[in-house]
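Down below is the structure, laid out as structure tokens.
Each chain gets a letter, A, B and C, in the order it is written, and its residues are counted from 1.
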Amino acid sequence: MTYAAKNLTTDGRELIAFRVGAQEFCVNIMSVREIRGWTPATPMPHAPSYVLGVINLRGAVLPIVDLSARLGMTPADPTVRHVIIVAQVKSQVVGLLVDAVSDILTITNDKIQPTPDVVSSEFEKSFARGVLAIEGRMICLIELEAIFPQEEREAA
Amino acid sequence: MDMNEIKEIFFQECEEQLAELESGLLKLNDGDRDPETVNAVFRAVHSIKGGAGAFGLDDLVSFAHVFETTLDCVRSNRLDPGPEVLKVMLKSADVLADLTNAARDGGSVDEARSRQLIKELEALANGEVPQASAAPVEVVAKPVAAVAAPPVNEEGFQPVAFSFDDFEAAEEPPLMETPTYEIVFRPKSDLYAKGNEATLLLRDLSRLGDMSIHCDMEALPTLDRLSPESAYFFWKIQLATDKGEDAIRAVFEFAEWDCDLEISLASDEAASSDEELPMQPVPFDLSILDDEPAVSVGVVEEEEQLASQQLGNAAVSVAGTASNVLQMAQSAARAPAEKAAPAASAAAQGAAGQQAAASAATPTIRVDLDRVDRLINLVGELVINQAMLSQSVVENDTNGTSSINMGLEELQQLTREIQDSVMAIRAQPVKPVFQRMSRIVREIADMTGKSVRLITEGENTEVDKTVIDKLAEPLTHMIRNAVDHGLETPEKRLAAGKSAEGTVRLTAKHRSGRIVIELADDGAGINREKVRQKAIDNDLIAADANLSDEEIDNLIFHAGFSTADKISDISGRGVGMDVVKRSIQALGGRINISSKPGHGSVFTMSLPLTLAVLDGMVVTVANQTLVVPLTAIVETLQPEASAIHSFGANQRLISIRNSFCPLVDVGRILNFRAIQANPVEGVALLVESEGGGQRALMVDAIQGQRQVVIKSLEANYTHVPGIAAATILGDGRVALILDVDAIVAASRGQSLKPEMSLAAVG
Amino acid sequence: MKKRVLTVDDSRTIRNMLLVTLNNAGFETIQAEDGVEGLEVLEEANPDVIVTDINMPRLDGFGFIEGVRKNDRYRAIPILVLTTESDAEKKNRARQAGATGWIVKPFDPTKLIDAIERVTA
């Protein structure tokens, strides 16, 4: 499925929530291009462990990132039940392997609570933009550009 | 087509003419004195001037005009195109290019520079040859307007631009009494020989006002003595017009040299008189026949048919004289058209014939690049589809249906041909990029005060247009670097026993399916001690690192590396050779440097001819499918146990016809497996790398040969050492294309990973 | 019948301008890129009038005009020279080569058409 881009008002935004392991995360819907099922990826030599490889997305080569591993959790063991969120990160397009997409949330900015200061690593601080309390669940809003700092990758 | 489109064509053409101009000037600079070279240079500027004039691009016209005038001096051997003269001309070519760009994009130009060059060009045209030690550029406040003024006619000939506006105004009733002119018009034979018709001139004259004409035919000889193309008649005309004598002369503009023309104001009495002038036979100047023997009687003898036709016309004219001369004139004027008519119908093979003539004139067409690209993309998809189809036929085991297989084979071949043809459309010589470099060299030589000679070779080597387009930037950077850092100052060069003038040599050639571009300078070479120290200072290498000369030289490709003591304005703009390297890699290319202290450096770039497809061998390595570019493979071998020899701790060699070649396990080097595979169970691909030297690449199995469509990895991922690009195979999965040279280099002990480790990945 | 004009000019820009101008004025236009081609297509083009540039590769305007004048069928055809050079020397050479008249560039459409009308019936 594809989500058409919408104009967001300054105080309202749409987010896509998904599950990675036992935790829930969400990203701005504007950066999501499409959501598709898992297909086996071609492994890349010398790639970081969280890069599962590349797949063919209608003629383009798309890297697939295991978000679980990227966020420092247990690496995923991809199955047909996993899904790939195709997202735009700056000028590049990447596929994020997640367990499932759970929700599309429409929220206002005041619903976003600051990240609790239990997080220790600089890395976690860099991508966590806050948390949301929705129906008793805790959903962490993450910044994709912080997870994939493009400049560094280009410098490789 | 509207004017804007034509203007766009004009600018495209300007680009070509500028390239032509520059290459011509460079040829002259190399001592070429072929008049055709000079002509071509002149024509280039002339064409730009002509087109610019049509669009009212005055700055461009003025400059081109001065430039053209000076070039004309060269063309007519009044000015010898020595080195100093050419220096001025090359700079002028640059300014002309700037003016063209400014006219197109609305930018501004360095006016002081163009004024200075105008002055220098004029000086050249006036026979002042500059000295080699010309004073530094001084800004001269010469008004441009002086140059923009219309060209002076040395011989006092004032071109009369056609303007019939005056005639249109004539239809208004004259306010004052209209003056009457008496005109005596005696055509010479040449008038007709040049395609002018006295009758047409009279027709035009009649449009100026009320006119009466008298034809004098006294001079008409008897038929047997008549030369059909000689002029025997003359006319006396009375014309009442308020347009003035100039308007009358303008009518005869084309005929001026080929007739005797007397124009005088008639007396008031005569003017007001309506009665016809009495016939006054004016003595006919027979000498006109003697003057013009060129229109010979011989024509009559040789071309009787034509002659009789002409006689016929003459007869018509004679017959018509009695009544209305003007009418006769018109009918006579029609005669040439009628004369041509039979020939016309004979030749006219309808519109088709015309189009054939027109198409013969245009052996090339211009096509939008977008259209070609669209075609290329479609062909790319076709190639993938064809591969998928082939694969599913194999998988579905169509036993006994050889017609399907034959059809598939034909399809494959056709696809192949289409692809090759499409690729050929995009292939272009590297010439334009190379030519741009000569300007870069000139500018930077000026800025650094160095004397530089750029030699280009192989500029007709063809490569895909995208490669050419993307080549300009890294090449510009490298050229700047070569002049700024590579070459020494003239003083240092002389002290080192070299000529004061440094040489930069830019070469292109095809080699094993790639284009190899070399940039060599005869400068000081890499200062390895300095580079090494800098690398240590920047924590690129350990202080006690043991690096080979080659490794030190290649350090300059690391990010943020600049050896210049001070950041110069030229090559120190925050971009270093690392950027160059990355842009070359993004093109699927490689770059390396070899340097000889005191003798200079050579940068070698090797690039694919096209960014779209390559012929590959599809192989299996550690359960992965990889593609090895076919161009790199010399041969394939099935190693036998007896041919494998261990060497040192974990090196193995394979003996091939009594020589030993290192074995490289591709799976191991790409980290696809932890331990080396057993060579006997796999296949060895003997490859030759860019740096020479052979290696045997071990793969597990060969799947087949295929043409694959190249897909960028960098677009969404990053450059991967050892991997050139990716492709999509028949099963729809991505396969990686091996970068053979990088693999070979890695096998020499250079890790595939240093670039990765330098950057903070993840 | 439409009048046919053969234009000879190596500049694509000028060729296009001529084409547009002449077609708009109701002429049939045949174009050649230089003197050599001009002579090659002459017979087939069978023009009523020729408009030619002077500075061209392979065969310049002077040579082209001389070539046309040597052809019996076309030795009396009106030939107009397009020239940016207004000096008398150039015109004289064109005239000696057999040009009927000239048009000083930059031409505007009216100038061109008027000149052609002027030398053709």
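Details
What we mean here is this: a residue touches a chain if its C-beta (ideal position, glycine included) is under 8 Å from a C-beta of that chain, and two chains touch if they have at least 3 such contacts.
Just so we're clear, the structure is a prediction, and the values are computed from it rather than from any experiment.
When chain pairs are compared by their number of contacting C-beta pairs, B-C comes first.
Chain centres were defined as the mean of their Cα atoms; on that basis the chain farthest from subunit A turns out to be C.
A separation of 26 Å divides the Cα centre of subunit B from that of subunit C.
Inter-chain centre distance (subunit A to subunit C, centres taken as mean C-alpha positions): 70 Å. Distance between chain centres (mean CA atoms), subunit A to subunit B: 49 Å.
Within the complex formed with subunit C, the residues of subunit B that make contact are 1-3, 5-6, 9-10, 12-13, 36, 39-40, 42-43, 46-47, 49-51, 53-56, 150-151, 153-157, 159, 161-164, 192-197, 199-200, 204, 229, 253-254, 257, 303, 306, 330, 333-334, 336-337, 340, 343-344, 347-348, 353-354, 356-358, 360-362. Every residue of subunit C that touches subunit B in the complex is listed here, in rising order: 10-14, 16-17, 19-20, 28, 30-33, 37, 40-41, 43-46, 48, 55-57, 69, 72-73, 75-79, 84, 86-89, 91-92, 95, 98-107, 110-111, 114-115, 118-121.
Within the complex formed with subunit B, the residues of subunit A that make contact are 40-48, 50, 53-56, 59-63, 92-94, 152-156. The touching residues of subunit B, counted against subunit A in their complex, run 380-381, 384, 559, 582, 624-625, 670-672, 711-713, 715-723, 726, 728, 732-736, 752-753, 755-756, 758-762.
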